[in-house]
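Please go over the structures that come below.
Look for chain A in each of the two complexes below; its partner is chain B in the first and chain C in the second.
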Partner chain A sequence: MNLTLVLATLRQRFTSPIRLVIMLLFGWMPMVPILMAPRTGFAALGDCYFLALALAAGMIGQDLSSGTLQLLLARPVTRAQYVFSRWGAVATGTFLLVVLQMSCAAFIMLVRGVPVPWDQAALHLGNSALLALGTAAVMALLSSLAAGLGDLGLLFTVFLSAQVLEKVGMFKSWEWLVRGAGELLRGLKPELDLAPFLHGGPIAWFAVVAYLSTVTLCLGLAVVVMNRRELSYASSGN
Partner chain B sequence: MPPPATDLPGAVPPRRAGSPRRDPVLLLAVAALLLVLRVVLGFHEAPSRAVPPSGAPSGAGAVQWRTLEAGLAEARATNRPILYDFTAEWCPPCRLMQRQLFADPRAAAEIESRFVPVRVLDRQREEGRNARWVDSLQAHYRVNAFPTLIVAGMDGRESSRLEGFMGRDATLGQLRGTGVSLRWGMTGQAPPDSR
Partner chain C sequence: MDGIRIESLTKTYRAGQVRALDGVSLEIAPGEVFGIIGPNGAGKTTLLGCLLGFLRPDSGRVSIAGREPDDLVIRAVSGYLPERLTLDRWMTGLDFLAYHHALARLPAAGRAAEVEAALARVGLDPEAGHRSIRRYSRGMLQRLGLAQALLGRPRYVFLDEPASGVDPAGVVLFRRLLDEVRAGGTTVVLNSHQLDQVERVCDRVAFVKQGRIEALETLHAGAAMARVLRVRGPAGTIGEAVPRAALEQAAQRAGAELREVSPPLARFAVPDDAGAVRLVQALVAAGVPVAEVTPEEGRLERLFLEDGPPGGPA
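Coming up: the complex of A and B.
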């Protein structure tokens, strides 16, 4: 990972007005239930999937379509470093937003005289970090495949296709199709619950392996795709 | 002698160590290994994820289904309502609900904290008949499709009914509410002779 690239990505993402509006929307909407019922705790914040998507959309694709990538890769940076830096930046940015969101929620709870459930906070933070890393990895792969914001289109297409396949499998009683589509849907939102690790419950190893497999596979394939992408230095497009 | 292919204008340089285009071999190897492990674990978990009956082990982190007697006793002792899951092994939405809802550790923990879960497994299609208590409960709650979730108090009165499965979050959201009577989602229709 390249620190300069990580910081540049974070600066780029957090100075985009449209992204800021979307992040404000997704970040502050969950504050309403906290304001209304602070005893609900951090569970009312929900997960950070849409925050991660808002930050990740076009993480590589926009560089491809704008011609920035050609300039970037003229520097002594490997393509793998570029992909990992983008991934790390998006995950870090999402995590920072979650921390900010939780700080506000904790502040509201304290002001309303409700004790802050710190154990729940730690769990929420851990789960959010894993979801941010997972979503950023999936988006890195999709973004390496499509220019501009095409990664969101790809995500939506895969999501819809998997839903349709799942329903077809259910109607036809094709268990293998239901299972495959379910795994595809699970792969689009890689998450892992840390509760059994923190509270000593039984660990679902399939979920752990599925999460790690999705993240590593997406990152590995994203680098492979980027390595095989030919960039034209003669025009402004790719 | 012609120049090597890589010396030609526009040729792609070979991917060797130190090249900016070096593939992450180690990462790909780990990813492949994890993928194989995922498939193996998936197959290994499949039988335990298919709708285990009440009293049978349901797998790590999943809802632990009580037998009817144990469920009634627990409901009486803890003053929690009973969550009846009317289901069948042949019913694809039931298997999907088992995988996405009842086998999900977070959802399972919430269900276990709110309800005493009792599974009512229909065996009409497989064995030609059901246990008497299964028929009796199906008739009492007028179950005509699978899956059907019924939340009932100790007096046996139904307070919520959910028919079909429309995803983990939607089902959990409905279960959090009380006194809701809904019919929605995709169901496996119970055969007429299963009553």
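Coming up: the complex of A and C.
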């Protein structure tokens, strides 16, 4: 990972007015239930999926479409470093937003005289970190495939296709199709619930392996796609 | 060798339907300023893309100081200015230079001073450095791009249309910077349509057409007959009262070359400005009535015209 690239990505993402508005929307909406019923705790915040999407959208694709990638890759930076730096920056940014969100929620609870459930806070933080890392990996792959904000389009298309396939499978009673579509949907939102770990329950190894394999596969494929990509306006969009 | 070596480079697009480069071989010596010219669609940008490691050739090889062009060791000592300059517009000019200074792995210790010096070097004032890039004019962007390419005194510089959109003062500055870079021993590859600029700054030029190198011209040391002068006399003189032999003798004395006689005009090739002065003096001394002397198109323009009008696939 390249620290200069990570910091530049974070700065770029957090200075975009449109992104800021979207992040504000997704970040502050969950505060409403906390304000109304502070005893619901951090569970009311929901997950950070949409925050991660807001930060990740176009993470590579926008560099491809704008032409800034050429200048960047003329520097001593490998394409793998570039992909990992973008992934790391988006995951870090999402995690920082979650920390900010939780700090505000904790503040509201304290002001309203409700004790802060610290064990729940640790769980929420851990789950959010894993979801941020997973979502950023999926978006890194989709963004390496499509220029501009095409990654969001791809995400939506895959999501919609998986939903349709699932429904078709259910209608036709094709178990394999329902299962395959379900895996595809889970692949779009790689998450791992840390509750069993924190509460001393049995470890769901399948979930751990599925999460890790999704993240590594997405990042690996993103690097392969970027390594194969040719960069030139003379190459007819290649 | 520390120079650039291109061996039988071939590159096609659209599953081989468009042949952008067709067996290009070249050697660029260390410290040389090398120009690539040619009509649109000739393969110049593709050649530059292969030199930078952005494009993978179908066959052939590019090596820079014996390494692959995308080797990080080479990238650490290279600078690049693309033709379609798109910068990170959310940054200020100084931020942008500091960002590339860091990406180039240059020491962080003197970063602030170095990026300010780089900005001043391309004639941008410190106030502009603190301004957001989205407020820069086309010429300012080009200057900033050039400052970025020259950060850290690179050993190899690749410039794609560096003076496009730059005002005349910027063009002069660009030439001065290239002279400085050349004096520092940097190898420069320059892709440009501005033939007069190429002619002034390059040591050698490759004329690329339909993916092939049609001609290699040496412009500096040892370059012969770089300019053509058209000499016109009053009616009935040149080519009539003054025979071709007399014009040839005068040209010989001045170290020039008679190219063509078409009364009342004669075309002479001269090596440089001093050669032009010598020719006029020799003609006057020989009693040739000279009414008008006008320079013809530059040497590279002639190369373009002699090879047919620009065209080819886009």
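The working rule: the second predicted complex is superposed on the first by the 232 of 238 C-alpha atoms of A that agree within 3 Å, B and C clash if a C-alpha of one lies under 4 Å from a C-alpha of the other, contacts with A are read in each partner's own complex, and residues count from 1 in each chain.
Just so we're on the same page, a contact is a pair of C-beta atoms (placed from the backbone, for glycine too) under 8 Å apart; a residue touches a chain by one contact, two chains touch by 3 or more.
Predicted, not measured: the structure shown is a model, and the values here were computed from it.
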| item | value |
| --- | --- |
| Contacts of A:196 with chain B and chain C, given as first, second, both or neither | first |
| Chain B versus chain C as contact partner of A:153, first or second or both or neither | neither |
| Which of chain B and chain C A:170 touches, first, second, both or neither | first |
| First (chain B), second (chain C), both or neither touched by A:230 | both |
| Contacts of A:77 with chain B and chain C, given as first, second, both or neither | both |
| First (chain B), second (chain C), both or neither touched by A:213 | first |
| Residues of chain A touched, compared between chain B and chain C (which is higher) | B |
| First, second, both or neither for A:5, with chain B first and chain C second | second |
| Which of chain B and chain C A:115 touches, first, second, both or neither | neither |
| Overlapping contact positions on chain A, where the chain C interface meets the chain B interface | 73, 76-78, 230 |
| Chain B-touching residues of chain A, taken from the complex the two chains share | 73, 76-80, 166-167, 169-171, 173, 175, 178-179, 182-183, 193, 195-196, 201-207, 209-210, 212-213, 216-217, 219-221, 223-224, 227, 230 |
| Residue ranges of chain B in contact with chain A within the complex | 12, 15, 19-24, 27-28, 30-31, 34-35, 37-38, 41-42, 45-46, 59-62, 90, 92-93, 95-96, 99-100, 103, 105-106, 109, 186 |
| Interfacial residue positions of chain C with respect to chain A in the complex | 13-14, 20, 45-46, 49, 52, 54-56, 72-73, 75-76, 78-80, 82-88, 90, 99-100, 102-105, 148, 158 |
| For the chain A and chain C complex, residues of the former touching the latter | 2, 4-5, 8, 11-12, 15-16, 66-68, 70-78, 230-236, 238 |
